[in-house]
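Submitted below is the structure of interest, expressed as structure tokens.
Read from first to last, the chains carry the letters A, B, C and D; within each, the first residue is number 1.
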Amino acid sequence: MNLLYFAMIRESIGKSSETIDLPDHVKSVSGLLTYLESKGDNYISAFAQDDLIRVAVNQEYVGLNHAVTNADEIAIFPPMTGG
Amino acid sequence: MHVSVQTEDFDIAIEIGKLTHNRKDIGAIATFTGLVRDIHGDKKIRKLTLEHFPEMATKELEKIARLANDRWPLQGISIIHRYGELLPGDNIVLVVTTSQHREAAFEAAQFVMDWLKTDAPFWKKEETPEGVHWVAAKTEDDDKKDRW
Amino acid sequence: MHVSVQTEDFDIAIEIGKLTHNRKDIGAIATFTGLVRDIHGDKKIRKLTLEHFPEMATKELEKIARLANDRWPLQGISIIHRYGELLPGDNIVLVVTTSQHREAAFEAAQFVMDWLKTDAPFWKKEETPEGVHWVAAKTEDDDKKDRW
Amino acid sequence: MNLLYFAMIRESIGKSSETIDLPDHVKSVSGLLTYLESKGDNYISAFAQDDLIRVAVNQEYVGLNHAVTNADEIAIFPPMTGG
């Protein structure tokens, strides 16, 4: 699974992307976030504020219950401030 | 329909020209340009850096242009969004809409701007004399989008 | 605040430049351009002649600009209205508004256009293959003005 | 009194301006319109449709009851179609 991080999330985690092998028991976006938090304090602090997390699966915005598979590209970022 | 995500500046006259060239059926052109201001709230801004998610940014701009196009009788629409390092006075974003009538052109341009604020994957980082920080999203922007 | 009643065409980039030159505090520029269309209703338009009441036209444009300026926190406003003989594709009117925030710029530009339609002493005469006639005022334009 | 006519009103009356001596009994815009109608059929047809008449006294829009004097500049025209 390809993971992309942007803006404050990228800075908190300390990298802009990584490739992981998704454990079989992780089926949803929220499951993925919990799994990543088990990898280190940097993920815990990056995801600390639920309402400041946005997720796109294969470049489409999704909710926390959206399904994920090892073939997906997942982007995690704070609320957008474009325009 | 034309969208672009780019570092280079844009020229409003050229972008309008692309939509109006050789046409005599356009009655209304609305444009909106967003620029970097030297003050944000009580902070002096030295520089604004726009980070973005490239592939998705282009897709989202296309989606927003299509939504506007489906909703109003437009003859053309352009959206250009810059990224990278910008200084006060620099252009950030341009929207141009053309239509037979003024309401469609105005409303579609406003709609696009409201959607860009919440749905375009760009993130602003401000450099001030006190340091560097990410700009927080405004909940009022969600409200503005929701009115459509 | 800049208003002009003129026969010559205008250049939107130049007009924007007059409002933005040497400023870094502008966050939003809204513009509206109205053009002559080659079709009006079911009639083909060959030419549009704009008659006007010169002294009053300038005064009314100034009044409308001042009303917009009093109502929204604008940093600048320009209104240019052409008169004389125009062809399909030609510019008729330009409104440019600048502000710190986008709502003020958008709303003020719409307000100016709605007021111009009912309060600016200009009269349009269309030349079609069937003959020449004066364009009738639309009551919906009064309604649009009244919403403000 | 200077009178100015525009657009369809100008064409119906057949001139773009004229100077008249305002009779003493004419005190209002509506009185002026009635007086002008006594001058000929061209005025009658120009002013035939009440709702298509607009009047400015000294370049300010006014209603039909507005006062007029011999020193005023009166413009008479149809509803505007600018913008």
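Going forward, contacts are C-beta pairs under 8 Å (C-beta built on N, C-alpha and C of every residue); 3 or more make two chains touch, one makes a residue touch a chain.
These numbers come from a predicted model, not from an experiment.
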With chain centres taken as the means of their Cα atoms, state the distance from chain A to chain D in Å. 73
Per the centroid of Cα atoms for each chain, what is the distance between chain A and chain B, given in Å? 26
So how far apart, in whole Å, are chain B and chain D when each is placed at the average of its C-alpha atoms? 49
Multi-chain contacts only, two chains or more: what residues does chain D have there? none
Chain C touches at least 2 other chains through residues 34, 113
Could you tell me which shape the graph of touching chains takes: line, ring, star, complete or other? line
Just spell out which pairs of chains touch, all of them. A-B, B-C, C-D
Chain A-facing residues of chain B, complex: 34, 50-53, 55-57, 59, 81, 92-93, 113, 116-125, 134-137
If you look only at chain C, which of its residues touch chain B in the complex? 11-13, 16, 20, 23-39, 88-89, 100, 102, 105-106, 109-110, 113
Please name which positions on chain A make contact with chain B in the complex. 4, 6-8, 10, 56, 59, 61, 75, 77-83
